[in-house]
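Reading through the structure tokens given below for one structure.
So that you can tell them apart, the chains are marked A, B and C in the order they are listed, and the count of residues begins at 1 in each.
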Amino acid sequence: MTRGRLWRLGLRSLLIQCSWNFKQFQGLGWVYLLLPELKRLYPDRTLRPIVQRYLGYFNSNVFLTPTIAAAVLSLEYQQRREQPVPMSPQAFSEAVMAPFAAAGDAFFWGGLRPLCCTLAVVAGFLGYWWSPLLFLVLFNLPVFIVRLAGPWFGYHRGVMVVQLLQDYRIADMALVLKRMAVVVLGGIAAVLCHQPDVGVAFSLLICLSLLLTVFMSVVLLRRGFPLYLVIIALLLMAGGIDYTFFIG
Amino acid sequence: MAVEWIGLVLLIIFCSLDRTAVGQFQLGRPLVCASAAGYLLGVFPLALQLGLMIELLWLMRVPVGAAIAPDDTSVSIGGVVLLWAFSGGGASQDMVVLILVALVCLVTAEIGKLLDIHARHRNEERFQQAVSHLADQCWQQLERNHLRCTVSFALSGLVSVTAVVAIGWIILLASRPFWDVLSLGHPEILKLIFPVVGVAAMLAVLQVRRTIGLFVGGFLLTYSFLCVVNG
Amino acid sequence: MAIVLARVDNRLIHGQVLEAWVPFVQADCLVVVDDVVAQDPFRKHLMIAVVPGELTVEVCSHAEVAQLCHNSAMMAKNVIVLFSTPHDALQAFRDGMHFPSLNLGNMHAEEGKRCISRTLFIDVNDQENLNTLSGLGVTISAQCIPSDRALLWDCQDEELKG
């Protein structure tokens, strides 16, 4: 496969979740992704049973699906040329979709997105109007690279593409990103309670009450209290304090 | 004004598709879509505030597999429409409106979620059709059938924004007599409760080791940095 | 061995387990009981590769369950046990892995299975196995991630429908 066709695979993967459903998940999208290349490989009459094998249940991380697809296609090419393959393309895709989902979800949804969002929120509360753009750029840059470079690695390494998960220690990188997100969350709290001209005693009071609120909310949310109840209760409490001490 | 409203409808479609169906560029995050809608309707500063207030609330809900997070995209855009309709009564009153709109968003986020689930169930039928296309070897139809599913996602986005605006409109109209009293307080401080609970909601889920140490560390570092910068 | 969560999930280790359940129950060890994966070095290796270093992963077959339950290193840990089918769960329970409750996560659709919740599709055998487990005193509930509502299983599975 040429580089252009691998890129097209990456672009086509933008559309794999169009028909997401609860029975086959990305199943139909998976066939949509593979179809142009399978058509090249197999003449019209033999194509049906091949596609039949892929049309079913499939679900993995959206950003890593093109990588899996490229590896599967490299196996298909080898099979077509009657070279020996370590495992059948279907068995490969079934074996890797869950682990890739685990690694990809941990990295992109569990690590990268919280970090980018919190950084953008800090910028927003500091008054910078471009904070939404900052978020989009920070998140989409790594995603873009993975979406375009993934198919290339997948095609050239074939089955051994799974080694990448270990080589780059994706799971541990996700944890590092998560820790950084926690630090930035502390930063958000600091930005929220920083008031320049109120004196030491009052600033201390603000900081303590804010940290206490965060701590209490964490405890309540972990106990399973719904988000809206926590917020409404806090609003009523703070409103009451405001009314008794500062207005009434 | 017509151009802006057409733009808004397109924005709703783009953002609600981006959530699951197409692209996942994260255009559907409240911070992004609220500020974009605010820019279109000419209420950018307030819209950005709204985006910042609800951005963190559902961020950690896992958006994978069959686990579906509350629909923060529709509520943010719907919320901005409400801000456009009800703001403009002075800075303090605008803050009251902002808090009320954020509350509306909080409660109505489940509507979009239910519609989203409905759209996904509708797609199951499409899959059945695809099986028959495969049997007939109509490859083009199979592809088109897949792409056509975006319609149900787009429709669910449009309907849920409409529902959010309708419900919010009623709530805001009903609460209008109290705005004067409420704006006597300090709504600009009360609105900080949303991001604070957002931070808490993230901490509750982001359970890494030494969470408290990292959080307090980040807090102290940023706070002292801000003190130094502001003299 | 302190089992903090026992879960039936046909995808075993994936995003929902690592991102939602591990932090929620504060687990530090994952045990996968599955004969197929235990005999497939490729899949076994892959499963271990995607889990962060601070979590330990054990992939074992049913023959090794009894031995694992008496492993002293495991005693001190908070363990999540994953099965791919209710049948595996029942067999492990009979082999001495006594989990007090069982969580049903994902069981995907196949020919001849009926839908009992958004993500769960079961056939007659699954139902029988779950009823047996329920009879053995295991509380069974369906819950994809912690923030979802838990639906309780009873032998007539009234609540778990739809």
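Basically, a residue touches a chain if its C-beta (ideal position, glycine included) is under 8 Å from a C-beta of that chain, and two chains touch if they have at least 3 such contacts.
Note that this is a predicted model, so its numbers are computed, not measured.
Q: Considering A-C alongside A-B, which chain pair is linked by more C-beta pairs in contact?
A: Pair with more contacting C-beta pairs, A-B versus A-C: A-B.
Q: What is the identifier of the chain with the smallest separation between its Cα mean and the overall Cα mean?
A: Central chain: A.
Q: In angstrom, rounded to a whole number, how far apart do the mean CA points of chain B and chain C lie?
A: 34
Q: Approximately how many whole Å separate the CA-defined centres of chain A and chain B?
A: Here chain A and chain B have centroids separated by 17 Å.
Q: In angstrom, rounded to a whole number, how far apart do the mean CA points of chain A and chain C lie?
A: Here chain A and chain C have centroids separated by 24 Å.
Q: Please output the residue numbers of chain C that touch at least 2 other chains, ranges allowed.
A: Within chain C, residues 11, 14-16, 19, 54, 118-119 contact more than one other chain.
Q: Where in chain A do residues touch at least two different other chains?
A: In chain A, residues 22-25, 59, 61, 101, 105, 109-110, 175 touch at least two other chains, as defined above.
Q: Could you say which residues in chain B touch two or more other chains, in rising order?
A: Each of 62, 64-66, 206, 208 in chain B touches at least two other chains.
Q: Quick one: in the complex, what on chain C touches chain A?
A: 11-19, 40, 42-43, 45-47, 49-54, 108-109, 118-119, 121
Q: Going by the contact rule at the top, pick out the chain A residues touching chain C in the complex.
A: Touch list, chain A to chain C: 22-25, 57, 59, 61, 87, 95-106, 109-110, 159, 162, 165-166, 169-172, 174-175.
Q: In the complex of these two chains, what residues of chain B are touching chain C?
A: On the chain B side, the touching residues are 61-62, 64-67, 117, 205-209.
Q: Along chain C, where are the residues that touch chain B in the complex?
A: Interface residues on the chain C side: 11, 14-16, 19-20, 23-24, 26, 54, 106, 118-119, 144-145, 147-148.
Q: Touching residues of chain A toward chain B in the complex: what are they?
A: 14-15, 17-25, 27-29, 31-32, 35, 39, 44, 47-48, 51-52, 55, 59, 61-63, 101, 105, 109-110, 113-114, 117-118, 120-122, 124-125, 129, 131-132, 135-136, 139-140, 143, 175, 178-179, 181-194, 196, 207, 210-211, 213-215, 217-218, 221-222, 227-228, 230-232, 234-235, 238-239, 242-243, 246-247
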